[in-house]
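I've put the structures underneath this note.
The following pair of complexes shares a single chain, chain A, combined with chain B in the former and chain C in the latter.
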Partner chain A sequence: MNVDTREMNGWVVVTLAGEVDLQHSPTVRKHLMELMFERRDVAVDLSGVVYIDSSGIASLVEAYQMARKGGNKLVLAPISQSAMRVLQLARLDKVFAIADSLDAAMAG
Partner chain B sequence: MSSVAHPIHLPAGLADDLDLIAEMTADFARSRDIEETLRVGLEHIARRMEAEAASLFLVDPGSGELVCHACFGPTDVTGLRLPPGKGIVWRAVDSNTPQLVENTETDPDFAAQVDKNTGFRTRSILCAPLAVRDEKLGAIELFNKRVHDSFDKDDRRILLALAASAALAVINARQAAAMAEQEAFRRELALAADIQRAMLPPARDPDFPIHGVNLPARGVSGDFFDVIELDGDRVAFAIADVSGKGMNASLLMAKTASLFRCLAKRLDGPGALLVAIDSELAETGSAGMFVTMAAGVLERASGRVTIAIAGHEPPLLVTPSGIRRIEGLLPPLGILPELFCDGCPETVLDLEGGALYLFTDGLTEAHEESRMLGSEGVETLVLRHRDLPAAERLEAVIADVARDGLMLEDDLTMLVVEDRR
Partner chain C sequence: MTLPALDRLFPARPERLCDIRHAVAETASHLGCSDETVQDVVLAVDEACQNIIRHAYGGAPGDIVVQLGRDDHRLVVRLIDFAPPVDVAKVCPRPLDELRPGGLGTHFIREVMDEVDFVTPPAGAGNMLQMVKRIEEP
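Coming up: the complex of A and B.
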């Protein structure tokens, strides 16, 4: 799994790629939690994710819970088909803010 | 008198040194309290080498500092911490070579502050690193050779041999402690697994309409299922999967299982039950963990099932009319209380003499012939074994995906609810 973080138009874009599983979820969680503590607006780019398990989803859920408390934004955009299937199966596509592209995420 | 000594008659000093090395090595090898042995060993070394004082430092893995664990002589600096890179001890550790300082006044690395603080006057130092392979463990430092001006090269050789033996003792003690800790953890894990198994419902008679199976991937499980008989010839059932794996998932599973057992008889219907469990879990949620769950009630007389689903794998309804997936509408439990503030919708299913299969993603994400099974794969397996009695059918499906010797990636749990009218 790869995690890449970059600044873009005042947002932080966190790009996850590869397999987000139990082995890698703590790294994802650490990255996202640091940004949530700083109350940054974050777009998580999941377009390169080939597999995400429930521990990976839990990292996103925790960030989502933190963002709601902190009042900052957390948007998933864009999302690979396989990650989207997992989110849809668990009906989490109705919970997260999701956009088709980074531009759309930041505009929303 | 011959000037050549017989090989077995060693010079007195060397024989003493070898005795000391042999004695210390034996002490270290049988030691159960490494700190005490190092203290006693340091005193032996200091006396034998006629040092006025001695200290033993070990690297603290947490801070990276050298910490004094044992002292001999007029001053006790046990607990003294030396930040990386400072003084003669660190020079010995960093270079992994013994340091012989015959006159401390001419050595720029000598930390005079410690002498000022303790009142001890250091004239000469002999310091040997404690290391095993590339692992830097610490150092033994001797101060001021009695009678003589300084330590010499022979002292350096002897201290190096003793330091090697002490280093092995430290490594052995640490490995023994780590093994003991692992063993204790294994015992606790086995105990936790026993308690968890006891939380699952017992196997039922073949005639009973609901059967389940749970196969943990790691001893303890983040999955659970339960079956509770209600009044009016109804049976409540549930299956759930906690996000993540391991001990934290199993603890949340235990909490969810307890809530189900406690609330199933009191609340009216599976929708109300899931809302109540969500409220409890969301209140005390931790680290984004959530629970996917499907709960239902079977009316045995009518063969009808009322089911509510929260983010869980869609159950499979297999009847003479066909096969269909039962989709839920709400996300998993424990994320946010307001997600369930409008209640949790229920679906009523007529089993029509068929069966409803519920399972966790350990089954759909299991691999058969290197391909992920998916919902379609589960359907194929269920149909493959459809002629077997329910409990055996579940065992056969599980056996197809969890073949002997294959390491399970996730917990596998499956439940079948049959119309046995």
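Coming up: the complex of A and C.
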């Protein structure tokens, strides 16, 4: 799994790629939670995620809960088909803020 | 299930889940499963193996035997561990209307597989989880 972070229009874009599983989800969780503690607006690009499991989804849920408490934004955009399938299985596709593109995420 | 197409022992460690997923995907595909079925079975096996690593072994060293075979129109998966027997009553999915990080794995397994049962393990083993997925013909 790869994690890439960059600044864009005042947002932090976190790009996850590869397989987000039990081995790698603690890294994702730590990274996202640090940004949530800083109350940054974050777009998580999941377009390169070929596999994500419940532990990866849990990292996103925890960050989303922190964002709601902190008043900052956490948007998933864009999302690969396989990651969307798992979000739908968890009934979370209607809970997360989801956008088709990074531009749309930052405009919303 | 007659002779399984996959019958391999893996160390019960998070860094070996990748190997398990790839072995399951390759075998399920070879046995005639669609891409969608392969993805479902891989997710179920991965989540079940996570439960074995985290709950059955509790992070202690151990092994998982992964068996996969086809029985007519059924893909049969068996996961065998050597941990103390689990309390099956405690293995249940949580309500999804609660937004919280954990507890999704068992829900995923039951959502994507057609049958999920703890069955009598072979002599010397601790637990055996059997999961079945119906294979649709193209």
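FYI, the second predicted complex is superposed on the first by the 108 of 108 C-alpha atoms of A that agree within 3 Å, B and C clash if a C-alpha of one lies under 4 Å from a C-alpha of the other, contacts with A are read in each partner's own complex, and residues count from 1 in each chain.
Keep this in mind: contacts are C-beta pairs under 8 Å (C-beta built on N, C-alpha and C of every residue); 3 or more make two chains touch, one makes a residue touch a chain.
Since the structure is predicted, the reported quantities are computational estimates derived from the model, not experimental observations.
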{"item": "Simultaneous placement of chain C and chain B on chain A, clash or fit", "value": "clash"}
{"item": "Chain B versus chain C as contact partner of A:Thr5, first or second or both or neither", "value": "neither"}
{"item": "Partner chain in contact with A:Val95 - chain B first, chain C second, else both or neither", "value": "both"}
{"item": "Touching partner for A:Leu22 - first (chain B), second (chain C), both, neither", "value": "both"}
{"item": "Contacts of A:Ser82 with chain B and chain C, given as first, second, both or neither", "value": "second"}
{"item": "Chain B versus chain C as contact partner of A:Ser59, first or second or both or neither", "value": "both"}
{"item": "Residues on chain A lying within both footprints (that of chain B and that of chain C)", "value": "22, 53-55, 57-59, 61-62, 65, 89-91, 95"}
{"item": "Touching residues on chain A, where the partner in the complex is chain B", "value": "22, 25, 29, 53-55, 57-65, 68, 89-92, 94-95"}
{"item": "Partner chain A, residues of chain C touching it in the complex", "value": "14-15, 17-18, 21, 39, 42-43, 46-47, 50, 53, 96, 99-102, 104-105, 107-108, 111-112"}
{"item": "Residues on chain A engaged by chain C in the complex (per definition of touch)", "value": "19, 21-23, 51, 53-55, 57-59, 61-62, 65, 82, 85-86, 89-91, 95"}
{"item": "In the complex with chain A, residue positions of chain B that touch it", "value": "241-245, 285, 287-290, 292, 311-314, 328-332, 335-336, 339, 361, 365, 410"}
